[in-house]
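Two complexes, one shared chain (chain A), two partners (chain B, chain C).
Moving on to the complex of A and B:
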């Protein structure tokens, strides 16, 4: 018995040491490079980060990028809600056979790499693309898009519309994920009861007294999150709106010249001031999101989803049209990439082309005919980075989640909240900021690390660990403590208690977290774009960008880029299917 | 709509209901007078709730007819596209339906046609709550209410709009016997005081006797 008590005590100490170490490692990994980067930029510019904020507004190009970023992010949020809301409504308010598959398909864009999404929309809007074929020319802005530009004096409306649609496509699953649960678990008696009262005798009254209080916070949550992701979007902005810069893209463009003493101080100044202003905006947005999420969580009904769905009936014609349109919107860019990877447009002079379909681009991509590294090499680089990221992110995220949960169980709520917020903070730092942080905070101090093969893994760890925490913490909270208590009462060793009382319940969520970590690492673009300086380290997403950046005189350039993007898309899709296979029923998909 | 000439407020003739080709009930006939309280006594699952939902307009009527006399003495006939009007028919569900995003006062205000300004709402709600013995409850969150208290709030909310007919779908079934008797007696008093006709469905004969002027057995009115 004494031996058993000693074992438990020893195990408790070990747990505490591991938890504290994980929190410290995460904090150092996430924030030390940024801190060093700020110190470096302050040294180069001679200006403190606080003074830099005020200088941000003195530079017209900064104001232009701020204005464009705010406008595109706000319009993207609005468009995503407008497109996503009817889909979420019909998914939630009817009982039908394939609802889970459709919901999963609609969530695919969220895990699709941004560079793949950019290529998908380019394929969709380029000559020969689906939109171009039906007379909507968003790329060259001819036809009625050109007319809009002329009539309203709006420069490049086609590119802007393409960006908004791409952001809506990317974030559609957020609206579904937030809005569908309150709708699908919505007690039908509430609507009936209200319709029998004067407070619900008209549509406006029902909207005011029922729908807005119930799904308003969920809609706002999804809109704010879409705003957040659109605000920091890089690959889509880079490829779809080449004539405009966001704060993120202006930092990325200047990153190479920043942080060097006595050289291009203006570049360092732009990055210091822009990153400070962007960080403030993102922090405010995250605070707003946290407040809205708290409100949203209190709007959950006590009725089961199945009961509510059954009471709402079958999918009607409008519902079928809405869901079908949503699926076309989701699948069109992905199908377009695939088609574009087989379509080769040979020039026959005088601006005329002939089209042929073949596997040539796939072969050329795999062999690396047009690039420094072949797709096969880039694939192995991507996989190595993704696996190393997984080996660090999953255990680190797991331990952080376990720490948060243990603190909550022991009623140390403030400390639990602190670790929770700490683990979420990297979400307030964009991928480009993370990449710049490592570039300026580590590599500028120690340039020999430029040749360290695993340096791109660092931002991947920073960016994926918060997602692991987001998946594992609710899963841990959902475990009935009775299982672990029962295991203890059966005198099982601490390891076996953990195995039977916890691990068996966390296997599914851990597989979901692992699949999504791999998918996000494989598709990560912003930070890798800044950090991958040696050609032989190119990942698939960097290779797609490099291929597409080549002059298009060679008819194989675009198809080869599309073939490489298709490979990345297929890989992330497989990971997504694995994640969906293990996702608990009733979870909306995505993150 | 035609003018009604009798003292009848509700007339049900040859009413039937089927769900997925399964007959729930058929050939139902009921007639109710102004100010009358009827209790319909029947076993669980016989279709009592469906009947109330058809009268309220929440369910369609495809077989037989239901006609209700409104406050202007017009005859409203239930069919496929029903007008749902709080001043015509009110319904209290078996489980209390109170909106969790509103407090007691907010829930009561949903029963008022033109609710007063926000700052006056608690005062107005208190006036109504007194009638059901819940003075001082206007600011309470609905989560703090017991089952009986919740149903009292539902009751007063339904009565405020003064419907011509109030339908009670076993609203007291979750309460203990003592509380059930007390609330049934109080409900009858309130209904009589306001002159509102009511149909109360239950499977408890004692409760049926206590609340109503007339008890009807389910078997008597259906085939």
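Moving on to the complex of A and C:
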């Protein structure tokens, strides 16, 4: 018995050390590079970060990018809700067999690498693409779109709409994930009872007294998250709106020249001031998000999803059309990439070309005929980075979640919130800022790290750990403490207690977190783009961009880029299917 | 969530940043000393990495360096090759600056004459002793020293769409001022000199053009301001200008093409390349206005701090060998630097490639000294 007590004490002690170490490691990993980068930029420019914020407003192009970023992110959030809400509504409020498959398909865009999404939309909107074929010309802006431009004096409405659609496509699953679970488990008797009362006897009254208070916070949460992701959009902006830049893309363009004393001080100035302003805006957004999430956690009467669905009956025609349109919207860009990867143009003289369909581009991509690195090499790099990221992010995120949960259980709420917010802070630092942080904050202090193969893992860890925490923390909160107590009563060792009381319940969420970590690492673009332009860390998503950025005098270059994008898409899709198999029914938590 | 907690975290972060900024300025002189250009002659830098027998090449996405070529070099010399790649010529210079204290590569391939002098002035290159011969006088015209050897060349110049410049409604411009007229409103795409090498080369040639025209009251930056007022399109790179906006090139066959510009900046031999890949057909043409083209010569040189100098010299010899360098027009879409080489006649490559007789004559030294100032002026005229 003494031995056992000693073991428990030792175990508690060890747990504390692990928890504190994890918090410190995470804080150092996430913030040290950025602090060093700021120090470096302040040295080069000779001004402090605070002065830099005021100089941000002196340069007109900075103001233009700030204005454009705010507008596109806000409109993207609105459009995502407008498109996503009817889909979530119909998905939740009817009885049907294949709801899980449809839900999974609608969620694929969120884990699709941004560069693949960019290529997909480019193929979709360009001349010959699906949208162009039905008379909506968002790229050349002729016809109806051209009329809008002329009538309203709006420059490039087509490009803007394309970007908004792409952002809505990307973030659609956020609305569905937030709104559908409460709707699908909502006890219909509430609605029935309310409709008998004066406050719920009309649709408008029910909207005001039931639906807005019930799902309003969830809608707002998803809108704010969409705003956050659209604000830091880079790959989509780079390829879809050639006349505009977001703050993120303008930093990416100038990043290479920053941080060198006596050389292109203007570039360092732009990076320092833009990153400071962007950080402040993202911080404010995160504060808003945490406030909304707290409101969203309010409990209402819920019943089994199946019971609720049976009560609603079959999907009506409007519902069918809505869901079907949502699926078409989701699949169209992906199908467009696939088609483009097989389509090869051959010159037959006098400016005439024929098109043929073959696997040539896939073979060329795999062998690397048109690039330094073949898709197979880039794929293995991508997989290595993804696995190493997983090996660090998952345990780190797990320990952080466990720490938050333990602190909450022991009623140390303030400290729990501190760790919670700390784990979310990297979301306020965009991918390009993370990449620049590592470039300026670490690599320029220690040049020998330029040859360290695993450098790209660092930004991936910084960017994926917050997602692991977001998935694992709610899952840990949901475990009934009775199981762990029972395990303790059985006199099991701490390790077996943990195994039976916790791990067996967390296996599903952990697999979801692992798959998402792998998918995000595989598709990560912004930070890798910054690092790869100063090194030789080629990943699949970077290879797609490199191929697309090459002069395409040779007509094979574009299909090869599309084939590479397709490979990345398939890989991400496989991971996502694995994740979906393990996602608990009715789970809308996490992301 | 306790909002006060969040606000205090932000403030703490800011305070930490500002307190650290105090440290920076205290130590700033130390850093500056390490990074400022040497006033005296360059000294050999410390070797930046271990010599493990590998040859590390710092370059950008140059088509010329293919897998087969590297393999052949490894078979001949016994040196394994590792490529460290940046996104363009500017990236090579920036990378050498960043790693000045511990250079990670032995050989750079790809700095052009608008960047070379900065690299030499900042002691980033060392003497090379490769035995190369038969290099044309034209290729050595911009730099003939021991720090770098040219390996390919071309002329950056204005390209226009012959379908738009039909000689009736729109005539061939005879002065850069013609481009400020209404018929060119919103019809020209320029890669930005801030982020693009061809854009930078063209900006240099406009300085030469306006310094040598008859009107002494205006300079290049007046013209750039008027170009902005004439709704010229500015893009971050060559690809965006040529492929997305230009109507005369291959862009019309690619996804994402907009085709709103009938004129852009590319190489004088780009129409030749267009014809080469389209069975001797193109409607793109280069504009042969005196002083508006820039003779761009790309160099290779051994990095100051290289570990494998022997391998680097051997690679220079290999790159400048007749077998490899004469392939530049097909492999890298640039001219060879060797005597008695020309573009191939195949599919109109040579026929559609014009060589300007009066390119820009601004020296590399002047570019190195004044570039930052020019770029600042350009930003003011175009962005403000």
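FYI, the second predicted complex is superposed on the first by the 572 of 591 C-alpha atoms of A that agree within 3 Å, B and C clash if a C-alpha of one lies under 4 Å from a C-alpha of the other, contacts with A are read in each partner's own complex, and residues count from 1 in each chain.
FYI, contacts are C-beta pairs under 8 Å (C-beta built on N, C-alpha and C of every residue); 3 or more make two chains touch, one makes a residue touch a chain.
Note that this is a predicted model, so its numbers are computed, not measured.
*Asks:* Do chain B and chain C fit side by side on chain A in the superposed arrangement, or is it a clash?
*Replies:* Superposition check on chain A shows chain B and chain C fit without a clash.
*Asks:* Kindly classify A:500 by the partners it touches after superposition: chain B alone (first), chain C alone (second), both, or neither?
*Replies:* neither
*Asks:* With both structures placed on chain A, which of the two partners, chain B or chain C, ends up touching more residues of chain A?
*Replies:* Per-residue touch count on chain A favours C.
*Asks:* In the superposed arrangement, which partner chain does A:127 touch: chain B (first), chain C (second), both, or neither?
*Replies:* A:127 sits against chain C, while chain B stays out of touch.
*Asks:* Check the superposed model and tell me the shortest C-alpha distance between chain B and chain C, rounded to whole Å.
*Replies:* 20
*Asks:* Taking the contacts chain A makes with chain B in one complex and with chain C in the other, which residues are shared?
*Replies:* none
*Asks:* For the complex, which residues does chain B have touching chain A?
*Replies:* Its residues touching chain A are 56, 58, 84-87, 89-91, 93, 95, 97, 99-102, 109-113, 115, 157-158, 161.
*Asks:* Given the complex with chain C, which residues does chain A contribute to the contact?
*Replies:* These residues of chain A touch chain C: 31, 35, 38-39, 42-43, 48-50, 59-61, 119, 122-123, 126-127, 129, 139-140, 239, 242-243, 253-254, 256-257, 259-266, 280, 283, 286-287, 290-291, 293-294, 340, 345, 347-351, 353, 368, 372, 414, 417-418, 420-422, 425, 443-444, 446-448, 450-451, 532-536, 546, 549-555, 558.
*Asks:* Residue numbers of chain A touching chain B in their complex, please.
*Replies:* The contact residues of chain A facing chain B are 187, 189-190, 192-201, 209-210, 213-214, 298-299, 301.
*Asks:* In the complex formed with chain A, which residues of chain C make contact?
*Replies:* Of all residues in chain C, those touching chain A are 1-3, 5-7, 9-10, 13-14, 16-18, 20-21, 23-25, 28, 31-32, 35-37, 48-49, 61, 65, 67, 82-87, 90-91, 94-95, 97-104, 118, 194-195, 233, 235-240, 242-245, 250-251, 253-259, 273-274, 276-281, 283, 333, 372, 375-376, 379, 383-384.
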